[in-house]
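The chains carry the letters A, B, C and D, assigned in the order they are written, with residues numbered from 1 in each.
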Amino acid sequence: MSASLEKGIHALKEVIDAPIASYFESCVHCGLCAEACLFYTETGDPKYTPIHKLEPLRRVYEQEYTLLGRLKKVVGLSKLVTDAELDQWQELVYDSCTMCGRCSLVCPVGNDIVYMVRKFREGMAVSGHVPDGIRSATKRTVELGGPMGLKWPAVANVLKHVQENTGLTVPVDQEGAEYLVLLSSMEIVNYPEYIEAIAKIFHKAGISFTLASDAYEATNAGIQIGSSDLAKVIVSRIVDAAEKLKVKNVLSPECGHAYMAIRWEGPNLVGRPFGFKVVHVLELLDELRQKGVLKMKDKLKDPLILHDPCQIVRRGGVLQAPEPLIQQVAENYIPIADKQKLNWCCGGGGGASAIHTEEAEALRAKAFRIKKRQIEEAGVDTMVTFCANCRITIEEGFDHYEMNTKLLGLTELLAEHLEA
Amino acid sequence: MNELQFLTWTRGPGLDIAVGIFLLGVLWRLIEIYTLGRKKDLAAPRHTAGASGLHTVFRRSLPPPGMLKRSPVSYIGGYIFHIGLAIIVFLGAPHILLIKNLVGLSWPALPSQFIGLAAVVTMAAMVVMLADRINKPVKRFLSTFEDWFTWAVTFLPVLTGWMATQHLLLPYTQMLALHILSAEILLVVLPFSKLFHGFTLFGSRWYNGRVNGHKGVPV
Amino acid sequence: MQGPLIDTLARRGVTRRTFLKYCATLASMMALPPTAGRAMAEAMSAARRPSVIWLPFQECTGCTESITRSHSPTIEGMIFDMISLDYQETLMAAAGHQAEEALHTAMKDNAGKYLLIVDGSIPLGQDGAYSCIGGRSNVDILKEAAQGAAAVIAVGSCASFGGIPKANPNPTGAVSVSDLVKDKPIVNIPGCPPIPVVMTGVLAHYLTFGSLPELDDKGRPKSFYGDTIHDRCYRRPFYDQGKFAKTFDDEGARQGWCLFELGCKGPVTHNACATVKWNGGTSWPVESGHGCLGCSEPDFWDGGSFYKALSAPADPLKFAAVAAVVGAGAGVAVSVANRVKKSAAKATHETTTLADLEK
Amino acid sequence: MSLDAIPIHVVPPGEPGLTGNAPPLLRELLEMVRRLLATGEASAIDLSALPLTPADLDWLRDKLGAGEISVTLQANGESTLNETACPGVWWVMHHNEQGAVTSQFIEVAFVPDLVKAHPQDVEIGSGYLELLVSDL
C-alpha cells in the first residue's frame, strides 16, 4: 500500500550504473533488437522493440546522471517520468518481455538489453506497476514458501508417493550430504516424475543428497517482479539451509529462473560469495554421463528437437551439457537452426506465465507461433526441454493450437531409460 | 567575409574551436558515463573459451546467425557506409595530411578517383539507410529528431567533400570551406548525440561480453 | 606624341604585322572571336589615345615593374603607347608642384573621360595620414580623381583587395579601391604582381569596343580569372593520381609531381598563370617547382602558411589542450556529483516489503 | 650554372589521347571554305580556345596535310603560316621571342591578312622607292 512513483525513481537511481549509461549512449535506433524479440516478430508491432521497453529508464538516466540532462531538467525542457507512463509501460516490461536475453545477443553496438530490463523492474516493482499475477506469486513465495502456496506437509506427502513408487529413500534435512536438492513448485505439483528421476539417478550414482524442509522451493518470484530485497528474502532460505546442513553442493532444478536466482543472482543478493557450489541438474547429469555412470538401457526412437530454456542456456551458461545428454537417450535428435544460445523463448519466462489477463494470454499465444513453426519445420512430434516453466507454457501453447506434439522433460527421460 | 577568409576561418579558428569542443565533449562524456561504476559480480565465475569482454568487442562486428537474413538492409547498408566513411576519412590524401598535421602520423593514400567512388557508394548506402528508416515501421517508430539530424550531419561532409572535388554547384574554394565547416559541425555534434556510439560501443560490447562471459556465455 | 598609335609604334620599330600578330594573340587570350584580333588592331591603330591617370598609393611599385619591365618591353610596353599617360609618379619626369599640376590639368581637361589606374591600397587610419602625396591623403586624392573618371582600373592585389598592407593586423587601416569608390565601373586586376597582359587586354578592350570586358563577382576580367590555377595546371593529373611531392627535394619533386602537400594554393586561386605563364611564357611558379601562393586572391597573406596544404589546419591548435583539460574537469565534476547522488540514493534505501508492491 | 644543370625536369603526366573534339572541326572548316568561295569572306578557328589535346592537334594536322606554301614571319618572335593540303586553309602559329607558342589558328582565306602588305605600308614603301629613284 506504499508503492509510489518517488520510490520507483529512487530505486532506478540506485540501480543505474556505468553499463546502463554506456548502453543508452550507444543505441543508434537501428531496430535490430526487434528482430530478435519474439513479441515483435510474431506481432509486427514496433512497440515491442526491446530498447523501446526501456524508454522511461533511459530518461531517468539522462535526467539524473548526465550534465546536459540535469540542465535540461532544471530549465524544464525534459519530459519527466509519470505514473501514467509507467502504467502504460507495465505491459511492455512484463507481459511482453520474458527476459530471454535474445536481444542482448544481437545488438550491434553490444547493448545488454535484458540486463537493463532486470534493473528497470526494480523501479516498476516499488512504484506499483506490476501485473497482479506476478505480485501474488511473489506474495505467496514470501509468505507461504512458494509461488503456488505449497507448504511442507504437502511436499512431504509428494515425497512419500515418490518413495513408494521408486522404493528408494528420499532423505530430508540430512546434514553433510553432498547435494542439497531444490525443487520448483511446478515440479512438485505437475511433474513429480522429476523427483523420482532425481532419486533414481542419485541412488544409481551413489551420491548422497538431501532435501531441506525449510528450503525446498528454488524459484524466486522476487527476481521476476524485480525486487532484489524480496528476492534476497527468498534466496536466503536456501543459503541458510545449505549452510546449516553443511552440504557441498546445491542442486538447482530444471526450472530456469530458479537456476538464475540461486546460481547467478544469489551471491549478489546476499552480498557475499557462497561457501558451496550451485550446480544445475543437467550439469550434474552430464558429469555423470562423462564418468560413465549414466548408462541407458534403451533409447527413444522418435525424432525430436530440443527447446533450450533461456535462463539455463543463453542466460545461465549451461551450454554444453544438454546436447550430449539428449543424444545419450534419443536416437533421432534433430538439431534445429536456432538452438542453444540462439533458441527462441517459449514466451512464458520472466514471470510472464504468471500473468493471466486476457491480453497477456492472447499475446503469449501469438508469440508461441515461433515455437510452433520450429516444430513444424523440423517435422517432429516430440520436443524435449528442461524447465518446468517452459513446459507449462509450451503445453498451453500446444492446447491453444491443438497440437499433438509430445513434450518431455530431459531429466525424467534420462531416468526412465536409465539402466537398472 | 569573402570565400578565402571563410576557408581560412574554417581551417584556422573554426577547426580549433571544433577540435576543442570535440575533445572537451569526448572526455567529459566518457568520464561521465564510465565513472558511474558497477557492482562486482560475487557469483563464482564459469570459464568458457571465447566468453569475455574483448571477444565480444570483436565478435559483435559480425551479424549473429540468422540476423543478416532478417534485416539485410541494416547490415549491408550499415557495413557499406561505415567502411566507406572509414576509407574516405582515413585513406583520402587530404585527410591523411590533416591527421599528420594534427597528430604527426601518416600513411599512404588511395587515388582520388577511388575516394570519389567510395564517396558515391557511401552516400548511396546512406540514402538507402535513410529510406529504410522511413519505410521500416520499427525504425520509423524509434526515430527521433536526433536520428534525422545526425544522419544529415554525417551525410553533409561526404556530400560537400565529393562536390568540392568534382567542382559541382559552387566554386572549389567555397565548397571546400563548406566541407570543412560541415566536418567541424560533425565534430561538435558527435560527443553530444548518438554519434557518440563510435566511442561507447566498445564499452558497451565489453560490458555485455564481460557480464555474460562471467556466466560462461560467449555473446 | 599625337597622331594614330600605329605611327607611334612605327617610330619605335614595331611593324604593323607585329601589332596584328600581337592583337590576334591578345584576342585569343581574352576568349574573343578570332576576327576580333583584326578589329582590335584596326581600332587601336586609329584610336585617339585616352588620357590615363595612374595613382600609386600604399604600394611597392611591383605592379609598375611587372608591366614596364616585362621581358619584351616593346610589346607590353605598348600599352604606354596606346594611352596618354598624363600622370604616373614613378615614370614621369616631372616632380613636386609640376607633377601635381599635370595631374590637375589632366583631370580638368579630360573630365569624365579619363581612365584612372590605381595601384596600392588606401590607408584610412589616422585620417589617412599613413600615406600622403603633396600634403594630401591618398583617400582624398582617390575620391577627387575618381569623380571625373570614366572607369577605374585597380591594378594589383593591394588596389583590388587591400593586399599585404591590409594583412593582419592591418596597422594602417588599409582598404581597397572598391571599398571607397562605389559609383564608377571598377576593374580589378589582382595579383602580386598581376600578369601584364591582363592590363593590356583590358585597355585594348576598352579602346576597341569602348567598354570594359566581362567581369566576375569580384570585378575581375572573366577571360583571365575564370579558372583556378589547379584546373589549368599541367601537374593536375598527378593530383588525381595521388602523386605528391612531399619535400622540395624528394623524388616526387624531381618527377614534377603535384605540389598540393607542399602548400600549393592552386585549387583556390583564380588566375591565368598556368596558361599565360610569366616572363614571356618562359615558366611560372608551379613549373619552377614551387606551389602557388594564391597572391591574386583576397587576403592571401592571412590564409595560413604558404607551405601548409589546404586540407591542413591553417594555424596550430590553441584550444585543444585547454579544452581537453576543461572536458576532463567537467567529466570529473559530473562524476563526483553522480556518485554523491547515487550514494545518497543507496543510503536512503528502504528495504522493500510486500506492502511496497502495491499502491 | 645553367638552368639545365638543375635536376628538376618537367615530366608530362602521360599525354591524354584523342578526345574526339577534332573531327567536328573538319565539318566546320568545310562550311568556312564554302563560304569563302561563295562570298569571299575569310574566317578562322582559334585552336587555343578549344579543349584540344596535343594528340587532337596532331590528328588534325595529319588530316589536313601540308600544302605548297610556307610563310615565315619574323615579327617579335617567329610566326608560321602554312598552307595545308586544302588550298585556302592555313595553319597559323605565333611564337614569342622565347619561342613559346602564344596562339594558334586555322585560317580560311585566299591569303591570310597578315601576309598581305597594308596600303599604308605600301605607301611608305613607295616613298622609300621614290627616294631611291631620286638618288639615281
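As a convention for this text, contacts are C-beta pairs under 8 Å (C-beta built on N, C-alpha and C of every residue); 3 or more make two chains touch, one makes a residue touch a chain.
Given the structure is predicted, the values throughout are model-derived calculations rather than measurements.
Both subunit A and subunit D are touched by C. Contact with subunit A and subunit B alike is made by C.
The interface holding more C-beta pairs in contact, when B-C is weighed against C-D, is B-C.
Relative to the centroid of all protein Cα atoms, the closest per-chain Cα centroid is that of B. Farthest chain from subunit D, judged by C-alpha centroids: A.
Separating the CA-averaged centres of subunit B and subunit D is a span of 59 Å.
With centres set at the average Cα position, the gap from subunit B to subunit C is 40 Å. Per-chain Cα centroids separate subunit C from subunit D by 33 Å. Each chain gets one centre point, the mean of its Cα atoms, and the points for subunit A and subunit C are 77 Å apart.
Those residues of subunit B in touch with two or more other chains are numbered 28-29, 32, 35-37.
For subunit A, residues that reach two or more other chains under the stated contact definition are 16, 65-67. Listed for subunit C are residues 241, 330, 334, 338, 342, each touching two or more other chains.
Viewed as a network of touching protein chains, the structure does not reduce to a path, ring, star or complete graph. Under the contact rule stated at the top, the pairs of chains that touch are A-B, A-C, B-C, C-D. Those residues of subunit A that touch subunit B in the complex are listed here as 16-23, 25-32, 34-36, 40, 44, 46-47, 49, 51-52, 65-68, 104-112, 115, 263-268, 271-274, 277-278, 314-317, 319, 337-338, 341-342. Of all residues in subunit B, only 2-5, 7-8, 11-13, 15-17, 19-21, 23-32, 35-37, 93-95, 97-98, 100-102, 109-113, 167, 171-173, 176 touch subunit C in the complex they form.
Per the touch definition, subunit D reaches subunit C in the complex via residues 7-14, 16, 43-46, 48-49, 73, 75-76, 79, 94, 96-98, 100, 102-103, 105, 107, 113-114, 118, 120-121.
Considering their complex, residues 218, 228, 230-231, 239-242, 244, 260-261, 267-268, 294, 297-300, 302-304, 308-315, 317-320, 322-324, 326-328, 330-332, 334-335, 338-339, 342 of subunit C touch subunit B.
Interface residues of subunit B facing subunit A in the complex, by the touch rule stated above, are 28-29, 32-39, 41-44, 46, 48, 56-57, 60, 63-67, 70-71, 74, 78, 136-144, 147, 192, 194, 196-197, 200-201, 203-209, 211-212, 215-219.
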